[in-house]
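Two complexes, one shared chain (chain A), two partners (chain B, chain C).
Coming up: the complex of A and B.
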């Protein structure tokens, strides 16, 4: 009989590793691209790696929560305490939608969908900031749409990197899952 | 006293893959020595990992362990288990992790080293030890935790004869002290003095007895591939007299007469562990750069990294370090693609070697012996002019030996010059000459035909 393994120390360390690397890379690579949404590249990549490696509900939320707290404590990025929302909102949305996605769907498609969902949730934080700044509702909506478009591009790029990375990890016997 | 028992244990690496271990029943008591033999890739190392408790994949069946059982595992590849720079730090590593106070460590470390017969300073660099000494160091690093059960993965393949005799003495003493041993070994005959129970693992089933290989005559037809003989005898590698020494060190060995390697011949480079075989092969391949350069010419040029392309192949002793693709087939096709050679050669090679079942498997999950063969086959696909092999027969059973020799004879017939290192004399009719590296001297031995063909 196959037993479902509990969350092991190894899994917990992996989530912590992804979260730390996400914050470290975000702070190190402060790219002045002049395009909003490029942070979604790293975010969608690391969250989806957690999703693929652990394959359980809550892994992305845990990763996002840790990353948000670390980023808030270290003062990484713009937004002050709002930075926690920036990291955790996409993670919550992605984890919830992951529950609804059929496993028969190919990993590439699942990653892309989750990446875009994450981006939409991330744009909610942008919209919230704009509302707090007193922006008109219709402008907030347009800004939200623009953020989704720009961030969605980077999120998709990050998401598309995930399947080959998971494939390599599996080939090196670092993943014990039969199917993603 | 019973230490460990397996009851109906089954294990596999994925629900879509064939089971590695099936319904195993096995019991180990204190002071016993069990030997498990079986074909290459049959799951012997997986069994040891399961016994050691380091296999974190789920399994079926019950594994009962004595409540106080401590297990030590010495893995097949010594390089993966040695973590620290010095002998003392290596043995103390486990104690450090257990939070033992530093003042209590020293006597434990010294006792463990004495038990394996290593009378060395604690600050001796691990890199200066021979493989035999390294193996005993790994055992000492396990003994420091005072295990009741010690698991050894194919020690004979890694050690020269002197190393094996040293190890036997140590193991005999440990058994006399009540320690239980499980050896995984292709060559059980080397340890008959200490083994009480023989097991064979084949097709996932464990049964009493020693695994023997059925003859595979299909791989012993060298003459079939003898093609044009025009290239036979052409000198491809030549070295004048030289002293081999690392920068700022005393000479490791001398070669007073130099040596040559001709097209179409298979030459064995035989020497004890740590005598300099690997370093010489790396120098010939141009990947070891020394200040005092060896007067070598390989394919008419001074050896330099990257200048030979597909004309020269080097099989590393740790062949897993040259495997990087996600499947065996793509691994073999990688270099073919790189050098613009037909990719079909990879599939043909796998089919000829009867390894098509491995084509879609990950090369990183294969056994030590299988990885060696796949890495060799990847090089053989390129049909190089010079092939350097560092201990290519390690971890293989006789069935896989047959496949390796089939490949080597085929390449030789195509005019490839092959230099293969080994820590034992290579007894095979295809070997035309032997370069012996003993007592710091590299000399040549030529076999007389009648001498080789005896038996």
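Coming up: the complex of A and C.
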């Protein structure tokens, strides 16, 4: 992974569009499954697409930040300013862990690990607001574990779809990277 | 002296235009919402009642502006059921009130956000946020927000065409997570290709108009807003 910080305008726009699409799809496909965590499916998918397409440190954080801002501006979800945390916390965790992962690891495994890490960070946001509200620690821990289990399933599902999509994009000659 | 006075008046009038007022109002409401949300977590239990009264006014104002509160109510009911049942299992009946206070705090933190979404125009929120961002990212956020209807239309068209082709991506079929990969290959993949092309075109268009070359950033004012 290259560690160049400034992104070109084209890359920034791509990140912005991905983030907006993530927010739009999350609000369009509000599935009435009755289980929380299905938003992790689209979140892990789009963050990892940004990671795969650009391969730079900061791409996922930028995507998460813009998704949070756009969601806040469009009024998606019910959190208000808290929604910014919901989008940016998984992105920060995923970007930091992506720095530590060796590039020799296959893309499938990297995506899966990053998806699960993102899901754990996503659950931290819920736990954080519960702790701030003064909820008992045991209850917070149980709810955090339940969120990780539920969100982890969806995050892994989303993450596993990324490598084939990246390979297809490469086949269409739309990426300027030789190796993921 | 008179010249400088009239110049000053002109300057004030220009600064305090209608757009400027709306932006200021939006910035203030964003600040107000952040404070109220923080108060819900920080204030002691005795002061939660006045905060609930303020939130009640916000709910009434939001409902008067034709906002739907069903989402917030559903969130509250689900949160209340889960938390109270956990408190009942772990600590017994004595601590149920404590659990209810916790859920109340979470709801009090949620309501201001819901109110902001109903009362503030999205483009104004975007403008306020742009004040804190570098010009490149402000441009990206503004471009993404303005292209959202185009993207939504594109997604809808691709989705409908793929449904006609017989892809298992109808809302009923999507209840089964087995069909989710089909949604990615049939809808998200073509949309990603479109986004890559669109970002390339847009970057070329902006750079050919000397985007990011000058240190003084200029903004476009739509003539529609001046009416």
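Please note the rule applied: the second predicted complex is superposed on the first by the 174 of 180 C-alpha atoms of A that agree within 3 Å, B and C clash if a C-alpha of one lies under 4 Å from a C-alpha of the other, contacts with A are read in each partner's own complex, and residues count from 1 in each chain.
Heads up, the rule we're going with is that a contact is a pair of C-beta atoms (placed from the backbone, for glycine too) under 8 Å apart; a residue touches a chain by one contact, two chains touch by 3 or more.
Keep in mind that what you see is a predicted model, and the values were worked out from it rather than measured.
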First (chain B), second (chain C), both or neither touched by A:172: both
Touched partner set for A:28, first chain B, second chain C, both or neither: second
First (chain B), second (chain C), both or neither touched by A:8: both
If touched residues of chain A are counted for chain B and for chain C, the larger one: C
Intersection of the chain A residues that touch chain B with those that touch chain C: 8, 10, 168, 172
Touching residues (chain side chain A, partner chain B) in the complex: 1-3, 5, 8, 10, 167-168, 170-173, 176, 178
Chain C partner contacts - residues on chain A that touch it in the complex: 8-21, 24-25, 28-29, 31, 33, 41, 45, 49, 53, 62, 66, 69-70, 72-75, 78-83, 129-130, 132-136, 138-139, 142-143, 154, 157, 161, 165, 168-169, 172, 174
In the complex with chain A, residue positions of chain C that touch it: 30, 33-34, 37, 40-41, 71-72, 75, 82-83, 86-87, 90-91, 95, 98-99, 101-103, 105-106, 109-110, 112-114, 116-118, 122, 125-126, 129, 136-137, 140-141, 143-145, 147-148, 151-152, 155, 171, 174-175, 177, 180-181, 184-185, 188-189, 191-193, 195-200, 202-203, 206-207, 211-212
Contacting residues of chain B [partner chain A, same complex]: 13-16, 56-58, 60, 325-327, 362-365
